[in-house]
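Right after this note come the structures.
In what comes next, chain A is part of two complexes: it sits with chain B in the first one and with chain C in the second one.
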Partner chain A sequence: MTINDFIEKFAEAVEIEDASALSANTEFRKLAEWDSLAYLSVIALLDEEFDVQIEMDDFRKLNSIQDIFDACQKD
Partner chain B sequence: MANYIYKRITYKELKDDTYKNAYIPQDDKFPVTSHLTPSLRDALIACPGNDDDSKTFMNVFVDEEGKEIGRDFRFGTRIKAGDKVFKVGTGGGFEVVEEYRKEGLGAELMLISQNNKEYDFLLYAGITQKVLPMYHKLKYHIFKVPQYYKILNSKYILTRFALKGKMWNLIARMGNCAIKILDIPNKIKINRINQKFSIKKETIIPEWVSEMTANDGHLFMEVHDRAWFQWNLDHNTYGFDEDIQSFYSVLDKNNKPLGFFMTKERLIQKSGSDKGLIRGTIVEWESCNKSVLSEADINLLAIQTFSKKVDLIFTLACESATANQLKKMGFREWALFIAGVKDKKKQFENIGEQNLWRLRYGYTNMIIL
Partner chain C sequence: MAYLQYEGVGITALSAAVPKRVIANREYTEVFTKEEAAEIVDKTGIEQRRFADQNTCSSDLCLAAAERLISDNGINKEDIDLLVFISQTPDYRMPATSVTLQHRLGLGQKTIAFDINLGCSAFLYGLSVVYGMMEQSNLKKALLLDGETRSKVYSPRDRRSAFLFGDGGVAALIERDPKFGKSTFSLNSDGSRADLIMIPAGGYRKMSSAETVVEKVVDEFGNMRSDEQGYMRGGDVFNFVIREIPRDIKNTLTFAEKSVDDFDYVVFHQANNFINSYIMKKMKLDANKIPSTISKFGNTSSVSVPLTIVSELKGKLDGNKQLLLSAFGVGMTWATGIVPFVDCKISEIVEVENGQAV
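Our next item is the complex of A and B:
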């Protein structure tokens, strides 16, 4: 999966209509749509699509969409 | 990103009173002001579902100054699946300070409970529409039961719509006269069923209650046995004078038990349009012979037991035949009552089938709150 594919999936999970507004460097916590439900949606996305479970402490250190994508690759 | 840390507080710390060193409560931030009341502490310590002091009493997030910014309480309960009983985790008091909600702290709290290995099953009740999508995301099986309410005092309308003044008080009195007139058919029905059954208020829960609930015919249920009922009869969250809970046996004319019901009355003290009202709820009930004593009969028997201070009462229609009868009694539909179960190890394929569950309003923390 490329970073662009991941951004599409991220946008779908967080319910952002226009994925083109996002980039790899987007700081996801600053998005208007970011809240607890978005958080759980991303956790569910990582679990279902990548079979990756990121510890909460590790997730807290992530800032950008690229960081999440990289964390999936590392696992 | 704001800095905060997670702390897990155990039942041992709650019992030893050492939990107070772990965080500074946010007295004015939460609607559940001063949430850990002495009454709630006593209730949680006495909970029959708690069997291990090393288990979690509270998950709490604190900010850099040690102030509590998010938390939930945990306690144990049990479910019966067929002839087996399983320990189950549940909880309540889930709150996150508003400015931290954007951080996803609520999600973290839910994930902590989900990933905690203390229990293989999780069960919650009273799930609101607002947080329901989060339970869906976490793949809970969701149950929805029609909930009904009946106004006993037109003060409810005045309070709800902030109507004040002598004229409105006069209208309210006239409204109460109308409520009494509209209730005449119920009084007639109550008199009729009072000739068939008698009710007895209990302070010690009878032994037969455990068997009656366990054998009601459903495959799955939260275990509501004698010990569980006694715990709920003896405790509540705030200990206000208005907060009372009552248990009644329903007996036939030979004093043989046919069923029971349990009610609670609670002063609504959360800020909002209902503040200051007293809400009554029929939280639990059972009949050993539904053709003799129906769910609707039990509701009728229960209505007459609420104190005069109660402004409105709530009940659930767990059987399909009950809803129409409740409407005839003057009940109106309210939002759905929502409960959810998570079978973490996927031990039961059919655990998500609502019709296999014995569901009651008085599930998990809903009964002591």
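Our next item is the complex of A and C:
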């Protein structure tokens, strides 16, 4: 999956209608749509697409959409 | 590998009680706005819950369910040799609520009575304990009572838990009969995640004090609760559940040499629709086989699996039915059960107000 595909799926999960408003550098915590419910959707997205679970203590360190994408790339 | 198997023990009758008071989540707007409520309901699928009034405890719900069960099935109380009460919302810190229920139900002093404190997976743990005692003894009948008043546990000012939990109680009659065949349970625990769902104060680690009852702002969103109220780290609970639950179900099926297709119904702990739908999708399960009461009763902790059976499978359990049960939550603990139901008699749900059936 490319970062652009991921941005689209992220937008869908967080229910942002226009994915083009987002970029790899978007700081997702500053989005109006970001809340604990959106977080659950992102957890489901990461599990479904990458078979990855990121614990909350680690997830807290991530700021941009690119950060999430990078954290999902397995060695 | 902690798998347990029992032979020739089963649930012969099942009943349930819920508080009469209905909370409609979309109108639950004393603290949060209608828009916030709608957003949460859309995501969790919890439209309604039942809230116990101040005169109704978990034990009262179980008592009402048990009395209904006893009268519907013409049970001789002298035949009940074992009473187990499951709850994390007991009447007192001591004595054990099961013992008060022995008296309130009019059972004899020879009754074996004790409590199990565990949380959402506890009905399966309880079944396993009772099946074990029944299989290895000459006890005649056992009553497994499971009640929770989670509405009294969580802060109505904490958005992350205010819309999820409801109250209920069930009674299960458990007897020996070769017709049941074999039951299999997988019971698991992970105490490294004890802090994911917790009521920090009010036990003996952090005893009740003037400070523990003070409501405080606990996060950047302005959610409020005291240390005597429960909290849940929903994200990590979800991470945990989607990793462990499908795995435990698969391993238990492999151990018992069964496949999901062998089951008439799969009954999950009713956490919320988001979690439950995701598990169903991830495991590619047939939605027609998965009854749900999330929308009308919310998350009733350990009560949710048997309450869903009473509410949704009444009239559908004639003959020999194979049920797969899965429950998970606080602890963390999680459990899978392969439980045959043979001609299980299910009573109508009783409503309770002021501690009494109405």
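The rule is short, and it goes like this: the second predicted complex is superposed on the first by the 73 of 75 C-alpha atoms of A that agree within 3 Å, B and C clash if a C-alpha of one lies under 4 Å from a C-alpha of the other, contacts with A are read in each partner's own complex, and residues count from 1 in each chain.
Quick note on the criterion: a residue touches a chain if its C-beta (ideal position, glycine included) is under 8 Å from a C-beta of that chain, and two chains touch if they have at least 3 such contacts.
This one's a predicted model, so the numbers in the text were calculated from it and none came from an experiment.
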*asked:* I'd like to know which partner A:Ile54 touches here: chain B for first, chain C for second, both or neither.
replied: second
_Which of chain B and chain C A:Gln66 touches, first, second, both or neither_ = neither
*First (chain B), second (chain C), both or neither touched by A:Tyr39*: both
*Which positions of chain A sit in both the chain B and the chain C interface?*
35-37, 39-40, 43-44, 56
*Would you pull the chain A residues touching chain C in the complex into a rising list?*
35-37, 39-40, 43-44, 47-48, 53-56, 59
_Please output the residues of chain A touching chain B within their complex, sorted ascending._
29, 34-41, 43-44, 56, 60, 63
*Taking the complex as given, what residues does chain C use to touch chain A?*
39-40, 43, 159-160, 221, 233-236, 238-240, 242-243, 274, 278, 282
*Taking the complex as given, what residues does chain B use to touch chain A?*
1, 6, 96, 101-108, 110-112, 133-134, 137-138
